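Got some structures for you, see below.
In what follows, subunit A forms one complex with subunit B and a second complex with subunit C.
Let's look at the complex of A and B:
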C-alpha cells in the first residue's frame, strides 16, 4: 500500500487499465497481514465473541477488515489540490477484487499448508481449531476456495468505495462503524438498558454470544445512513459554529459540557456491573495520569518516557505512609487524605530530581534520559538496599488499611471537605475584597464580603462537625473508586484548563515551539521546565496513590516501562495538548483494550493488547499525528483555506477591527 | 553616557574567531547600523549581546551593569530585545499570543493565581492583552486587520517580520536589536519598514541597533554606521564617511588589482 501509484492517467477519456501488478502487490501485503493475524491466534481467540450474530464473529472480523481496507487502497490515489481526481469505474472493483482474492488465496494456501504439515512446533497458535475456522468447517481445500471468493467479494466492496460519492462513502463507513460500536458496547448498553428498566431491549438487540442480532445490525445500519442524509451537514455546521465562537465563549461552552459529562459520569456507574466499573476505574486512573503527562508532553513539549516513575513514587509514598505493614520501623499508618500531602511533597521532590539533570536536554536525548529514570525508579523500589523501606520485590501490603472495615479504604469526611472549600472561597473573597478596596469599588467589596462570610461559615461548620457525613470508599468497591477517581480527574482537568491560558501556559507553549527564542523573549526555561515536570509529577503521583489504595498491595513489577508507553499512547492517540482528546483517548483505548495489566471491555484483547497499541501508535504517527481530537490550535493548522495567504494579502488594509 | 558599552568582545568557535575584540557603544535614542560582508560576525555579535552565546572575553555594560555571561532571559529582563535574521516566530501560537508571551518577564503571576483566577491575575491578563494590542496597533492596519487569534503561520512573509518586531517590542526593552529586518522584502515593503524603524525611535523611544545589507535602508535610518569584517570593527562614522572609507570598500569589493 506504500508503493507509488503507477496507474497511468494519460488519456482522460478512457478509464485507466487495471494495474494487475499493483493489485497483486497490495494483495500480497494483505495476505501476509491476514496470515500473521491468524498465526498469532487472534482469529481463534476472538471466534467465541460474535459481532453480528450469527453472520460475523470477532474472529472473522479480525481478518475480514483486511481485504476491505486493502481492496480500497489498491486503487486509492492521493488527490492533491489542483489535480484532476482520478476516474472511477470498473477498474476499481476489479483491482479490489483481485487484491482481496490474492490475499484470500494466500491465507487459504496457508490453511492448506498447515493442514498437511504440522507446524505447531514453531507456530504454537496454529491449532486444528484455527484451521477449521479458516476452512469454514469444510475441508481445507474447499475452505481455501471460499476464502478466495470471499476475499474477492470483500475486496471488490472495498474497491466499490471509490465509486460512491463522498457523502455516501461517509454514510456507509459510519454505518459499519456504528454497528461495530453498538456490538462492542454490549456490556455497557446491556447494563444501561437493564438499569433504566428496558431490559427487554437487551434480548432484541443482543444475542447470547455477546454480538448484536442481524436484525438489529440492519436497523442500525439503515438508521445511520438515513440520519446521514436527514441531518446532512448539521453536525459539521454545529462544529463550525462552535469553532467560530470567540475563544472565551468556546471555553465556557466547553466547561459546561465537561461539567455535564462529569455529572453523568457520577450517576452512570450505578447501573453498571462490577466488571464494567472496574474498567471505568482503570480508565479514570489512566485519564488522570494522561492529563498529567499531557502537561509535560502536550503543553511544554518535553517528551517524558519515564512517567511511570512519578506514578511509582506516589504509590510507594502512599504505601509507606498508610500501611500498617511497612517493612521498616517507619509506620505512620495514616489515612488516605492525611498521607496525600506527603505524596504531593514527594512527587515535587521527584519532579525536581528528574527535571534538574535534563534541563539542558532536548528531544531525543530528553526521551532517552527520562526513559532511564523510569527504569531507575522501579529498580530503586526493588533493590535489596532499600528493602527495609520499600520491601524489595515483596512490595508493601495492606495500603490504606482500615482495621474497622478490614479493607483498604479511603474515608472522605465531608466536614473537612467543607473546611477546604470554605477556605478557598474565603481566600478568593479576601483577594477580591482587597482589590476592590484598592479600586474604591464599594459594590464589589460588598460582594466579596459575602464570599468571605460564606467561606468562613462553611469552614467553621466543617470544623465543628468534621464527621457529620462521610463517604467510605473501599479499594474493592470499584463503583465508588471510579467516582473518587473522577473527582481527581476533574481536578487535573481543571488545573490543565486554567493553566493552558495563563502566563505559565503561554510560556510552555512558546518553549515547545522554539526553546531558544522563548528564552530570548524573557522566559526562564529552567523554571518553566521544572514547573511542568513538577505538576506532571504531582498528577501522576495522585494517580499512583489512588492506584495503591485501590489495589491495596503494590510490587515494583507494577511499575514497568510499558505503563509509561501506554499513557503516552493515550496522549498521542487522543491528541497532544487537547484536554478532550486525552479524555477520549483514555476512554476509548483503556476502556476497550485495558491498561497494561488491567482488562478492558474486550477481555479477548488481553494478550494482543501491546500489539494493538503498537500498531495504533505507528498508524497514528503516519496518518494522523495530531490525534483523534486535536486541540483547537492544532485543528486550526489543518484548516486548508487559512493557508492561502494571498486571500489575506488581498484583504490587506481593508479589514479593520 | 552610553546605554550600551562594549569593550574587547571576543567569541571563538573552536579555531574560528567570530569576534576578535569588538568595541562598540550606543547612546540612548541613537540608531546604529552594523554592516559588513557575509561572515563578518554581525549575527554572532547580536547573539552574544542577547546572551544566546556567552562571550569568551570582553565587557558588555548595559545601563551601567555588566551583562556579559547572563542567560538570555535575564538579559531580556534588563531591557534588550532582538529579532532574528531568519524569522523565528512561534508559528502555532496566535498573533496576539506571540506578543503576549513576550511580556513574560514583565509580569509575575504564577500557578496559584492562574488556578484561582485571583483579581490580580485577571488584572494582569487584561493588562498583558491591552499592551499586546497596543504594540500591534503600532503597525497600523498591517497586523490589526487580521483576527488576532489567527495562528502566526498564516501571516504573509512581510507580516511575519513585522510581528517579530512587535514581539520584541512586547518585552518592553530599551534597546532593540534588529537582525536584517528588510531581508526578503520587496522595495515598497522595505521603504515602509525604513520609516517604521525611525518611528520606533521617535515615537516609542527605543534605542536601536540594526544589522542591514540594504544600503538604502542603512543610509536612511542610521545616525552612525559600524562596519565589521572578520570579527573586528574596521570603520565607523556617518553613512557618508563609511561609504567612502577605503577599508570598507576593500572589505566589500576587494583590493584593486593594480595596487597589489
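Let's look at the complex of A and C:
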C-alpha cells in the first residue's frame, strides 16, 4: 500500500509468467459471485433501471463490476514497505482477461443449464426473463459466448488498471464513480434542477428510463479526469493546509462547516419531492440513533446489539403519554414536548436496567445479553400480558394527536425554546462566574455576570410570552419532520462532540482500549459504562419519540433486532467513534438503501438491502474495521502493527495464531 | 488487608457511591429473579397438589416436547461451544448453518417424496436426507470460516463477533433470495412415526422419540470422536493452548477447520431433525434457535461438550414448562409462608449488617444489598405478600422471553454455567 521509498537494486529482466491457475481460481470465485447475484434475482429486478442510457442498466451493472474487480485482483499484490513493486505488463492484461472470461463462461454455463433444465421449483428467481437478460436477447448458447467475450474484455480492462500510473488509476476510477453517482442521484438532482429553475438540464442529463444519457456520461467522465489533472494535488494541499492550522482554528473551521451543512440541510428539502423528503426524514432518524449508538459502541467500546430496545421505549413512552387512545386508564394526552421529559426519564431507567447486569460481563457476553434485552422489549410490548397498557400486537394509535389539527402534531413554542437556551446560557455563566471567583479574576467574573444576566432575561421573556412564535410540524409532513429531526441531530452531534474529549469521553476511550488498565488508573468503570448506556439510550429514545409522532401509530413489529443491526452497520461503515463518519454513513447507507422497512432512494434495493447490509458488515470487518471515515485513534488501535517493515516475514499470515 | 478496621467499609462507602448503588441494584435484580422463580415453582407444585394443575399426561407431553426440543438445542449448542472453546468468539452465524441443514433436509425430502422413495423405503430416504443435511451444514460452516473468520485470528474479540453477525444476515437473506421467503412444508411422515408409542409408561410421539434417540446417538459419536480420535485430541489440545499445540506439531489451522466442520455436522443433524419435527422451514428458522442454543451452551458451561447437551436439555425443559410455571404465580401466597419470607429477610438483613461491621472490604456492595433486600423482604413479607397472587394472561407468548431471561439470569448469577467453562488459556477473561 505504501509506495516504495528506494529503487530496487537488482531489477529482474523478465516479466513474470501468466499464473493461469491463479487466474482460473479467481475467475471461479468471480463466476460463483455472478451466478449468485443472478440467482437471487438482483439482475432481473434491477434491469428496468438504466444507469447509462442505453448502454448499461443497473441489472447488467450488478454483474459487470465482477470481472472488472476480479480481473484487477487476479494479478494484484500487496506491496509492503521495502518490497519492490511487481513488474507490470501484458501478463496483467492476459490474466485479467482469462479471469473475466472464465467467470463469464461459468455464468454462461449457468444460463445454458437453467435454460434446458427448469429449476424454478427450487431457485424461484431464475425466471425465463433472467435467462433472456443473461443471453442478451439471443439464444442461450450465443448468450454464453457473448458473456465469455464480454467477461474477457472487462476482465482485461480490470487488468489494465495495473498498467496505469497511480495518478491515472485514481482519475479513471473516480470518473467511473462519478458517472455512477450522478446516475444514481437522478431523483435528487432532478428535483434540485427543477427547484432552481433549470429543469431543462434534467432532459439533457437524464433519459426517460432514469439513467444518464451517454453524452452526459462521457462529459462527466472527461470532466472528472480533467479535474484530476487540472487540480492535481490541490485537494491534498487544502487538506495539508487544514491540518497545519492550529488546533483551535481547526476546530472552529470544522464547526463552521458543520453549521453550514446544517443550514443547507434546513433549506434543501423545500426543493425535494415528498418521496425524497420521506427518505431524508428516515435518514435523520437513523442518524440520531447512530449518533447514540456511536457513543456506546464507538466511544465506550460496548457492543450493544439490543439498541432497538431504547428506541422502542422512547416510542412507547411517547405513545402512552400523548395518545388519546392509550389502551389503559392512564391517558395524560400530553403534547410532544410535555411528554419528552418522561421519555428521557424512561430511557434513563431502561439504560440502567440494561446496563447494570452487563457491567461485569466480558464484551461478547455483553453483546448477546443486550441482544436478549432487545428481543425482550419487543416481546413485552407485544404480549397480551401488558395489552392493557401497550395495546399488544394492535399497537397504539394517534400518537401526539392534536384535536385542533386532526393529525399527529409537534408544536414548538419559541418562548420555551428561549427559556431552555436562556437556562443553558445562565448555567454556563454561573459556572464561569464560580470558577472566576475561585481564581479571583474580576474581569472574567464580570463577563460571566453578563452571561447570567442575558440568560435570565431570555428565560424571563420566554416565560412571559411562551407563544410569541411557534412552529407546527405534523407527522405526515415529512419535509417539516426532517427539519425538526435535524435540530435533534444537531443537538446530539453537539453533545457527542463535546463529550468526545471531556473527562468522561477520555474515560470511555481508556476503558475501550483496556478495561483493567483503565480501572487500575482510577477510572470508575461502572459509572463510565452506565453513563454510556444512559446517554445512548436517551438519544435512541428521542429517535423513538420522533418516530412515533412521525408515523402516528406504532406496532411492536417495528422494533425488531434488524433495526439494531442496521444502526450498527451505519456506525461501523461510517467509522466507530467518528462523528463525520457516522453522519456520512447514515446519509449514504440509509439514504440509498433505506431502513428496515422504509425505502431508500434506490427502491429496487428494497428486497436486497438486508443482504447488502450483511455483506457490508463482513467486508468492513475484514478490510477496514475502522470504517470509511475513521477516527484517528480508532485506526491506530486497529492497525497498530500493520504495514511495518517486517510484516512480510509472515506474509502468508495463516500460520500466525 | 493486614489491618482491617471497622471504619474501612464506611470509608469505601463514601468513596464511590455509584458503584455501591449499582452493586445493590444488581443484587436486587438477582434476588427478584430467584424470588419469582421460586414462587413460580412452589406455586405450580401447590396448585398441582390442590388438583388445579395439568394432568399427568399433559405434563408428560410437556416434558417429552421439552426434551426433544432441548436435544436439538443441545446439538446446535455443541457448535457454539466448540468454536468458542477454540477461537473464543460467538459464531453468530451458527444458527444459519443449522438453518442450511434444515433447508437442505426439506429440499431433499421433497425430491425423494416426489420420487416415491419417501413412502416405499423410508429408512433409506431418511438416511439420504440426513447425509445431505449434514454435508451441507458442514460445507457451509467450513466456508464461513474460510471466508469470514480466518483472516481475523488474533483480532480483538468483538471483530469476529460483528463479522459473524454480518455473515448471519448474509446467509439468511441469501437463502431468502435464492429459495424464496415462503414457509417450506416438509412431507408428511409415515404413520408409524406419528403414532404414539409407550416408553417407560409415557405415551410419546414416535417422531419425538426418534429425535431424542438420534440426538443422543450423534452426541455419543461426537464424544467418541473428540475423546478417542487423533483429530479429537488435536481439537482438545488446540482449545487448551493454540501456540503450544502448534509447537507440538499439530496443524492448528486444519484443526480449527475440523472444529467448524464437526460443529456444522452436528447443526446439520439438528436442522434435519428440526425440519422433521416441526415440518416448517423458512429463512429465519435459524435465528431464534441459534440464540437459544447459545444460551444453552452458556447455561451448561461454554467450551464444555457435556455442558452444551445438558444446557440444551435444561433450556428445552424450562421453555416447555415455563409458561405453565408462570401460571403458578396465580397461587396466592399463604400468610405463614409470607411471614417465613419476612423472617428470612430479617436474617439476611442482619447478616448484611454483620458483614458490613466485620469489615469484609471486597464485597461491601453485596453486604449492603443484603441489608437493603433483607429490609425490603421483611416489609414485603408482612404487608404485601400475604395472599398475593398474579395472573399472567397469554403466558404461552412469553416462551421466548423465558429463554432470554434464562440467558440473562445465568450470566448474572453463574456466568461459568452449570458444569463450568473450558476455554483456551488466552480466552479466559
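The rule is short, and it goes like this: the second predicted complex is superposed on the first by the 603 of 657 C-alpha atoms of A that agree within 3 Å, B and C clash if a C-alpha of one lies under 4 Å from a C-alpha of the other, contacts with A are read in each partner's own complex, and residues count from 1 in each chain.
Assume a contact is a pair of C-beta atoms (placed from the backbone, for glycine too) under 8 Å apart; a residue touches a chain by one contact, two chains touch by 3 or more.
Being a predicted model, the structure only gives us computed values, none of them experimental.
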Touching partner for A:510 - first (subunit B), second (subunit C), both, neither: first
Residue contacts on subunit A - larger count, subunit B or subunit C: C
Which superposed partner A:499 touches (first subunit B, second subunit C, both, neither): first
First, second, both or neither for A:435, with subunit B first and subunit C second: first
Partner chain in contact with A:359 - subunit B first, subunit C second, else both or neither: second
Partner chain(s) touched by A:28 [first = subunit B, second = subunit C, both, neither]: neither
First (subunit B), second (subunit C), both or neither touched by A:491: neither
Which of subunit B and subunit C A:524 touches, first, second, both or neither: both
Shared subunit A surface residues [contacts with subunit B and with subunit C]: 524, 653-657
Contacting residues of subunit C [partner subunit A, same complex]: 16, 18-19, 22, 25-26, 29, 89-90, 107, 147-148, 150-163, 165-174, 176-180, 242-243, 246, 252-253, 291, 294, 298, 392-395, 397-398, 400-401, 404-405, 407-408, 411-412, 415, 429
Footprint of subunit C on subunit A - complex, ascending: 36, 39-42, 122-125, 301, 303, 305, 352, 356-357, 359, 361-365, 367-369, 371-373, 375-376, 379-380, 382-385, 387, 524, 526-527, 530, 565, 568-569, 572, 607-608, 610-611, 613-619, 621-622, 625, 638, 653-657
Touching residues (chain side subunit A, partner subunit B) in the complex: 247, 424, 427-428, 431-432, 434-436, 494-495, 498-499, 502-507, 509-510, 513-514, 516-525, 531, 535, 633-634, 636-637, 642-643, 645, 648-649, 651-657
Residues of subunit B that touch subunit A when the two form their complex: 50-52, 71-73, 75-77, 81-82, 84, 88, 90-93, 97, 100-107, 109-111, 113-121, 123-125, 128, 141-142, 144-151, 153-156, 167, 170-171
